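Please read the structure below before turning to the comments.
A, B, C and D label the chains in the order they appear, each numbered from 1.
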Amino acid sequence: MSTAPAIELKGISKAFGAVQANKDISIRVMPGTIHGIIGENGAGKSTLMSILYGFYKADKGDIYISGQKTAIPDSQAAIAAGIGMVFQHFKLVQNFTVLENVILGAEDGALLAPSLRKARKELTALAAEYELNVNPDALIEEIGVGMQQRVEILKALYRQADILILDEPTGVLTPAEADQLFRILHRLKDEGKTIILITHKLREIMEATDTVSVMRRGEMTATVKTSETSPEHLAELMVGRKVLLRVDKTPAQPGEKVLEVENLRVVDAAGVERVKGISLEVRAGEILGIAGVAGNGQSELLEVLGGMENGTGTIRVNGKELDLTGKFSDARSRRKRGIAHVPEDRQREGLIMDFKAWENTAFGYDDDDAYRAGLLMDNAAIREDAQGKIERFDVRPANSELEAKSFSGGNQQKIVLAREIERDPDLLLIGQPTRGVDIGAIEFIHQQIVALRDKGKAILLVSVELEEILSLSDRIAVIFDGKLMGERLPAETDEKELGLMMAGMTGKDS
Amino acid sequence: MEQLPKWADLIVVPLVGLILAFILSMLMVLATGHDPLDALKLMVSGALGSTYGWGYTLYYATNFIFTGLAVAVAFHASLFNIGGEGQAALGGLGVALVCLFIPWPHWTIALLAATAAAGIFGALWALIPAYLQAKRGSHIVITTIMFNFIAASLLNYVLVNQLRPKGAMDPATAKFPKPSHLPSLGEILNSVGIPFAKGTPANVTLLVALAACVFVYYLIWRTRLGYQLRAFGKSQPAAVYAGINPVKITIITMMISGALAGLMAINNVMGEAERLILGSVEGAGFIGIAVALMGRSHPIGILFSALLFGALYQGGAELGLWTSIPRELVIVIQALVILFTGALDNMVRLMVAKVLVRPKRAEA
Amino acid sequence: MDYLTLLQILDSALRLATPLLFACLAGLFSERAGIFDIGLEGKMLMAAFFSAATAYSTGSVWLGLLAGIAGSMVLSGIHGLASITFRGNQLISGVAINFLASGLTVLIGLSWFKLGGQTPSLSGDARFQGIDLPFAEAAMSVPLIGPLYAEVLSGHTLLVYVALLCVPATWYILYRTRFGLRLRAVGENPAAVDTAGISVVGLRYAAVAICGVLCGLAGAYLATGLGASFVKEMTAGRGYIALAALIFAKWRPWYALSATLLFGLLEAVSNRYPSLDLGFITLPSQFMQALPYILTVVILAGFVGKATPPRAGGQPYVKER
Amino acid sequence: ADPAIIFDLGGKFDKSFNEAAFNGATRWAEETGSRFAEVELQSDAQREQALRRFAEAGSNPIVMAGFAFGNALGEVAGDYPDTRFVIIDMVVDAPNVRSVVFNEHEGSYLVGYMAAQASKTNTVGFIGGMDIPLIRKFACGYAQGAKAANPDTKVISNMTGTTGAAWNDPVKGGELTRAQISQGADVVYAAAGGTGIGVLQTAADEGILSIGVDSNQNHLHPGKVLTSMMKRVDNAVYNAMKDGPGLETGFSVMGLANEGVSYSMDEHNASLVSDEMKATVDAVAAKIIEGEITVHDYMSDESCPSLSF
């Protein structure tokens, strides 16, 4: 036990303005291990790792790499010290090819051609070695997030990183992709590389890591051997109270048909048909879960239902047909028909990040009479309404004057949910409700969704988290390539079967 | 970046920027062989030291308030309207047509009509670029630049070939009939017993400009339309999610912006010149960009930066009158003011922070 | 219109396009790196002044060229300082630079030459002379192509050819070199560049500096190539037109060539036909003067469609809010 | 009291009438060792301001160059009955105002006549700054002169632009010159302020003749500028200042007769203008002065017999 830790951080502190993101943090990571870091949204995990990678500069503290005190003023120094990092929000150039992204900053000379040639070869080798297949000539904006993440990993490997940091790598992955990622990580570990893994998913921590550190409100509260702990214990360390890890719900009591979709087709701006004749229905008091690998048409399905895109076919809500292309095909008309929508991408669509929280609670409902005072908007009323929502949905900090961007992801999601759920809609469309959200918040969000169902509302849930689909849905439909592959009851299926269906393999009865 | 108390950010930083700009400017005055302190005194007292000075300062400021607001409204929707110059020119045409061809019984009614005409003409001149941006994706920056040139040609044609009285040398319309003349600020204030220099061009339009500030404030922060256009400006996908029609918002915003730019014409065309002359906008459309940016697209900020530019204009005129300092120096001073208070504000902020924040740290 | 007229118009178009092309490529480098630049006009003006002033004083157009580039680069430096180092508003900085150039050139010109801000006119080695391309004379006899070569391509000053060569050079730098890759990346996603271990600030300054050099060439061409002295405000809005051309060109080098040639062509046509008698109606000169701008709008609306600027354009790179 | 002079928006170095006015004032100052107040305007609103401020400060006489002052002076003159005003290029009817106007059409006629004589291609060009009445007046006189010398002469006319930049765009001036050359013009007359610099330059470069305007521009390109249409704004200003506060008011026309306009001859263009040519032109000038030839003034009925706009 005389080997020096691959990484040792001593007394790291970092403040962003008034926010103390990291407080006197120390941590040691042994070489050849996978070290997990968990913590609530905003606990300071990403900040800590960004400091290690030279993206931020710590206010205080020292970094030791393999026992040597090392200054890491910028990412160049981190790369030189053998550190690679896959950020929570990828750092890729959208309109570059995979190859170009890989060589960026690691070119071999002033001209590109030789670098590209070399990288192409290297990539093929890496792909073979680690099952990291990507088309080197594909544009980043045209490949899925799973692929993008591979590119990020390839970037690190191409730079011969010995220490690989992954910040919430599975937040956007399908189960199959996640499994593959962990295989790769184990392979890397076997080769002696050191891996730091940030995740909100306790299952992943339990399955993949050797040691795990828990962060809370900028502090490192515990570091334990994974073999000596349990998910419940970790959850408690993280949130500071006991957390229910299972969704607690009674069997559904389906009522009237609320949503009926017949032969829905959607063609995107590029002329590609993304939804290819989907029919489904959701009844009052039930949750229909749509499982599928991202990019198989579920986003477009939600967007048409939510009035963000045009489509063809028939959609009825409470028996009345919706306008799919005309004057009433916009999102506002949908809301008037009792449809609420929690979009997949809360930061791009669900919220205006520069607006204050209270302004965001009226977003999409600014024409509500309750928000109006003559010709003007009744800001006082909106503020009051917002404060109530924020308190009922336990948004932290409970300050409606803060801008949306200064809340953590989980709390941003709560703002959107509060806004949509408290509208008391007949139909709730909800996409990726817990993406990037910590377990404390997940528990809360799931409870709210179930409570809405129990009030007799229809819910259409789209998620790439199979676990979430399985535990929330009353019925599960699997989407593949714009078509439904079949329906299952959660009790009668499992992740394996769903995973196969998601890959286009037909299930038992369809 | 260091956190500064709000008062320091709002008052100290611009003030220090202004001082820096003036120090540099005065060095330049020195370099051209003049006495910088005299020049500075002349500028300040010329612009702000008498009601006469204010009469001019406020006149220019009125122009800049309108064009500044025009740029700001578009900015909130992430639209960059460089077309203020053309829109204001067309506003002038609207004012001229209304004042020349309709006999108004009283200036108040004429003002209402001219306001409407200026706004409508300005709005219509912004409509085509807006429509093309919304429907065809034609970049609004190019189209508004192009429309400035087209407006210049149009006015040249109309003034030389159509509206110019026969035999007149000036490419300008005839003088507007008496009833459409607006009372000057001096006349108004004197009538309520406040002494104010007569014969200065500031006129009742200043009140319209102030009203426009209030209007824009309410529009942007208190109405649904404002809410929607700000949301649209921050995130277009989110706007679609909320059911905000991008085409409609783009067109409405640009038309409001164009109307505000057009309104400038009631100040310079109706209030001051009392006729429409060629090139009457005199670059105020472009200054409006600087005014809006420096005012952080907020009506109050715009009010102050318009005043600053108005004072620079009038102070510069006094320099021109009483010294042999070339008028280009005033342009350089303007440039330095824009640079230090607008573009290098973070540098100034850092300097101020060093002075203000350091000692506090030391105490702690 | 006969063939010769067409050639003459093309010849004129090429000359008129050259300053636009330089400025457009200048803007391309800067904006591709994420720094918006509405100060092209001011930089050109500064360069025009210093090139003419120096060429006159030294009698060497080459020194003039260098001085013009230096003058333009000083303004680039200010723009860089404001928008890169101090993360200020790039539009404001550009506006300030235009004002600064407009005032300073006359101010300095007045004190140096006492000619009302103008420089004395240049002659001989103090200005660029036309270059006859090889075989231009002989080519005249070849039908169609010959006159095209002799009339349109041959006989321009060196800078015209430099400008034309800048197009493939820009393309090559942008798409075939490490620097170009990084430059494009920093305009799209500076965080990607930063985390790849490259200095965002360094790259952006480099881009702004190149922008300065190219604006310098544009200005020098105006004052020592096309004209032979500096006259106040002689850029006459060309910086703004170049900006429009840049958007028109969707920030791409070859498109920039077409866009600026188109602008040059439209202007040349309206120069050639100051008013047009269509038989039933005579289009007034004002209409012909507006025609290039009207056609630009029409073309833009009809054929070009949406242009997506570099994604990180206009925003300072701020890591810590 | 010192005299004062107010320059129009183009500024005192506009290569046109403002600059000529400035030269006149400077000449007076140098000769008499006195001083004069001056201001360059930046905005239309400053016309009245400058007039009043100078009048209040006791400047007398106050000289202004440019038709655009007409309105402002009309308003102001009555308020300062003891101040004498001199306005150039415009007529203002007030007891304390001297209005000086120039017969630019006559001078332009002469240079047009010379242009046609010098032209070998029977094609001459005119380049104006902006399409405004004053410039049409120049163009119309020029075209008449050219046709008078040779009825077959073709006159090509261009205006530079419609914004203020039109007066300061030598590059465009040069390009317009080339366009005219390619249409056969071999003499070009520029009435376009700073833009004209480019016209004269390009003409010299391309080996054709040019004609300067307002002041004597022959020296700019010796041996290449055929002549210049001199509009003696400098003399008008000089005289006003020399006459001082007691100057005679009223309306004064500066034409060929009183050398208000003329064509320039000096060592720079001596080789270009043959004695014969000079003789005929002088004869034409004499006829104009005597009234034997009437040059049509565009402003009289806003039409031009020899050129359409």
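Heads up, the rule we're going with is that contacts are C-beta pairs under 8 Å (C-beta built on N, C-alpha and C of every residue); 3 or more make two chains touch, one makes a residue touch a chain.
Note that this is a predicted model, so its numbers are computed, not measured.
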item	value
Far-end chain from chain D, centres as C-alpha averages	A
CA centroid of chain C to CA centroid of chain D, Å	34
Distance from chain C to chain A - Cα centre to Cα centre, in angstrom	46
Geometric centre distance via CA averages, chain D-chain B, whole Å	35
Separation of mean Cα positions, chain B and chain A [Å, integer]	46
Where chain D touches two or more other chains, by residue	11, 131, 162-163
Junction residues of chain A - those touching two or more other chains	17
In chain C, residues with contacts to at least two other chains	117, 237, 284, 286, 289-290, 320
Touching chain combinations (by label order)	A-B, A-C, B-C, B-D, C-D
Residue ranges of chain B touching chain C (in the complex, touch as defined)	1, 28, 32, 80, 82, 128, 132, 136-139, 141-143, 145-147, 149-150, 152-154, 156-157, 160-161, 286, 289-290, 293-294, 326, 328-336, 338-339, 342-347, 350
Complex contacts: residues of chain B adjacent to chain D	56, 59-60, 149, 152-153, 155-156, 160, 164, 166-171, 175, 199-201, 268, 272-273, 275, 277-280, 282, 313, 316-317, 320-322, 324, 326-327, 330
Touching residues on chain C, where the partner in the complex is chain A	175-182, 184-185, 188-189, 191-199, 311, 319-321
Of chain B, residues touching chain A in the complex	3, 218, 222-224, 227-228, 230-231, 234-235, 237-238, 240-245
Chain D to chain B touching residues, read off their complex	9, 11, 37-46, 48-50, 52-54, 67-68, 70-71, 89-90, 130-134, 162-164, 299-300, 302
